[in-house]
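You will see two complexes here that share chain A, one where it goes with chain B and one where it goes with chain C.
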Partner chain A sequence: MIEVKNVEKKYGRKRVLKGLSFTAEKGEITCLIGINGVGKTTIMKAIMALTPINSGEILIDGKKIRKESFEKVTFIPDTITMLPQMKICDAFSFMADFYKNWDPQRAEELLQFFKLDPTERIANLSKGNMAKVNMILGLALNVDYLLMDEPFSGIDIFSREQIAEVFTSHLIEDRGVIITTHEISDIEHLIDRAVLIDNGEVLKEFSVEEVREKEGKSVVDVMREVYRG
Partner chain B sequence: MTVKFNNRDPVYVQVIRHFKEQIAKGYFEPGQEIPSRRELANQLKINPNTAQRAYKEMEEQGLIFTEGNMPSCITKDEAVLKSVREELIIEAVDLFLGSIKSIDVPLSEVLELVKKKHDAESGEAEESK
Partner chain C sequence: MKNYLKLLNFEVNRFFKLYLTLIGLIIVSQFIGAIVVSKGYMNVTDQVINKNQLSVSQYIKEYGLFSFEQFVGSEWFVLPILFSIAMLMIYVFFIWYRDWFGKNTFIYRLLMLPTERITIYFAKLTTIMLLVLGLVTLQILLIPIEIKIVTSIIPTDFRSDFSSSHFDSLEMLVWLYPNAFIEFILIYGVGLILVAVLFTAILIERSYGLKGIFFAIVYGMLSFGVFIAPILLNVFSNDYFYALEIFLMLLVMSIIVLGSAIWIANHLLKYKIRV
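The block that comes next holds the complex of A and B.
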């Protein structure tokens, strides 16, 4: 379980996270929803200790993040972090050098699933294919938790569908996933929990099937109530 | 196997309904093996947790059964299978009656229309064969 407890984060005088709390379970897909600029990416960076927090606490399976934690949890940012002149296969060996948990077999399987050519240079890839390579770099790590920042933004519908399909497969099963999006419709059926965020605070946290069952509401219905009600 | 899901009913409930429809149509035979939870999630493009939940519920309702480590199978209980078909028919009739009620037409007129339409449609289906 990833526990984010009362986290506060300031950029200069601006409070970006105002005592934000939520939890994400292993084996579940938790979706952080909110418009641009509400602090979604900052939360992910805070979980990965890529940015210091001013107060509060973040625990992964009950422990604070340490060097060893990076074999347990990984972050897929919204842009690829590999050098553009690298070929896809170079990026893979780069990952293999850095992470004990890199699973080359799974990377190969994902390449085939996305129909990508490993000798292609990253700089020459389309935006959709770059997003797919970026996903592979995270998914091929044998980690318990995956954080994905806007994996669907700015790419075509078929690439989005292909990426969404990953969520229905054994590649995700049993892992804990935190995903951010401002475009929920791509994955409305796929997520377990939704965390609605605005202005650095959690407005509502709920199980999507439970809300459908008890209230007959879709995720978008709840969003409309919370953000516009 | 594809299913169009709506956003307001629990996905697992829609999955169960899909199975019931397949049973009623005779697509699934009594005792037939069904996909594993993982396969189902992949086929229907749903969260594996949802597939798991649907199977658990269907098991409780007696629609499917699992023996030990074997794959799950459709029940062989004729009474259950028959009731699935009846349940779906009654549901459809209720829905139909509901929408008829709101336009206030006599039943005899409606029934005649239903028959006419139905015959025309099945005639078309025959021809296209």
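The block that comes next holds the complex of A and C.
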């Protein structure tokens, strides 16, 4: 389980996260929802120790992040994290070099699924294909938790569909996923839990299934209630 | 350790094309220089001898022998070295900033590697030192060849006897050929400390943003102050200390400056760094 407890984060005098708390379980897809600038990416970075927090605590399976944690949890940011001059296959061998949990077979499978050429240079890829390669760099790691920052942002509809398909496959099953989005419609049917965030605070955290069954509401309905009052 | 070596290999490869260009530039410029300077000298010599109807010994008496320093002091020799130093100095900064800027923020990947983050710092530090020492080695290898070129153009009568072993007298080359192992350690040890302090200053800036620039400058000045404190102490106490005592104090200060640079960098990379 990933536990985010009372996390505060300031940029200068601006409080970006104001005592934010939520949990994400293994085997579930948790979606952080909120408009741009509410602190979704900051939370992801804070979980990965890519930005310091002012107070609060973040635990991964009960432990603070350390070097071993990066074999357990990975982050797929909205920008590709490999050098542009690298070929896709170079990027894969870089991953294989450093991560014990890199699964080359799975990387190969995904490459075929996305119909990508391993000899293609990253710099020459379209935005959609770059997002797919970025996705593979995360998915081919045998980690327990995946953090994805706006995986659907700014890419074409067919790439979106392909990426969404991955969510329903065995590649995601049993893992804990935290995903951020400001457009819920793409993934509403995929997520298990929703965390509505505004202004650095959690407004509501709920199980999508439960709300759907008990109250007959979709995520968008709940969002309407919460954000519009 | 394994990850350190892999990162080191990776970092060296990233600079390798530019490095080969620098190597090529040094070789071409110095070889052409050796020919141009020697031929130029012989042309002038021939002209003077012919014009004034001098014998070789009269010419030597009046104008002196050709010394290798004339080549070593020429732009052909010096400029590519200065250019390489400038490039490496720029690369000290670029080696970090390139990972933050641009479309592909590689720093995400580096900081998410399942290894101590200070390994990245050590790998980059070693890369810079290897690049510097590589160029120094290249220069050491080039000099005997350049001597051959010069001696093949200028006859023995016109030049002083020079061979690689006589370079102690050439001030320019003291940096390349330290007289003793201890001198080598001193020169390149100070270089290592300088790069380490600059790296830590960069990480301070990367961790604290605009405020960080101010902190980084203060940190840099403090480190410099601590480093030269024994020398200042000796100056203000009218040379009260023996040279060995000053040396030992400098050594202690160096360890303190280097140790604190690494400690601060480790702390920043673990807890303060921002992507």
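Basically, the second predicted complex is superposed on the first by the 229 of 229 C-alpha atoms of A that agree within 3 Å, B and C clash if a C-alpha of one lies under 4 Å from a C-alpha of the other, contacts with A are read in each partner's own complex, and residues count from 1 in each chain.
Here, a contact is a pair of C-beta atoms (placed from the backbone, for glycine too) under 8 Å apart; a residue touches a chain by one contact, two chains touch by 3 or more.
Bear in mind the structure is a predicted one, so any value in this text is a computation, not a measurement.
Will chain C clash with chain B on chain A after the two structures are superposed, or do they fit?
By the criteria stated at the top, chain C and chain B fit after superposition, with no clash.
Name the contact category of A:G216: first (chain B only), second (chain C only), both, or neither.
A:G216 sits against chain B, while chain C stays out of touch.
After lining up the shared chain so the two structures overlap, which partner does A:L83 touch, if you call chain B first and chain C second: first, second, both or neither?
A:L83: touches chain C, not chain B.
Identify the partner contact of A:G27: answer first if only chain B is touched, second if only chain C is, both if each is, neither if none is.
first
With the two complexes superposed on chain A, say which partner A:K64 touches: chain B (first), chain C (second), both, or neither.
neither
According to the stated criteria, A:E173 is in contact with first (chain B), second (chain C), both, or neither; which is it?
The answer is first: A:E173 touches chain B but not chain C.
In the overlay, answer first, second, both or neither for which of chain B and chain C A:A164 touches.
In the superposed model, A:A164 contacts chain B only, not chain C.
In the overlay, answer first, second, both or neither for which of chain B and chain C A:H189 touches.
first
Tell me the contact category for A:K45 with respect to chain B and chain C: first, second, both or neither.
second
Taking C-alpha centres, what angle do chain B and chain C open up at chain A, rounded to the nearest 10 degrees?
After fitting both complexes on chain A, the angle is 160 degrees.
Once the two structures sit on chain A together, report how near the CA atoms of chain B get to those of chain C, whole Å.
So the smallest C-alpha to C-alpha spacing between these two chains is 28 Å.
Which part of chain B faces chain A closely enough to touch in the complex?
5, 7-13, 38, 41-42, 44-50, 53
So in the complex, which bits of chain C are touching chain A?
3, 6, 10, 14, 102-106, 108-109, 111-117, 207, 270-275
In the complex formed with chain C, which residues of chain A make contact?
45, 48-52, 67-71, 74-75, 77, 79-84, 94, 97-100, 122
Which residues of chain A touch chain B in the complex?
27-29, 164-165, 167-170, 172-173, 188-192, 209, 212-213, 216-221
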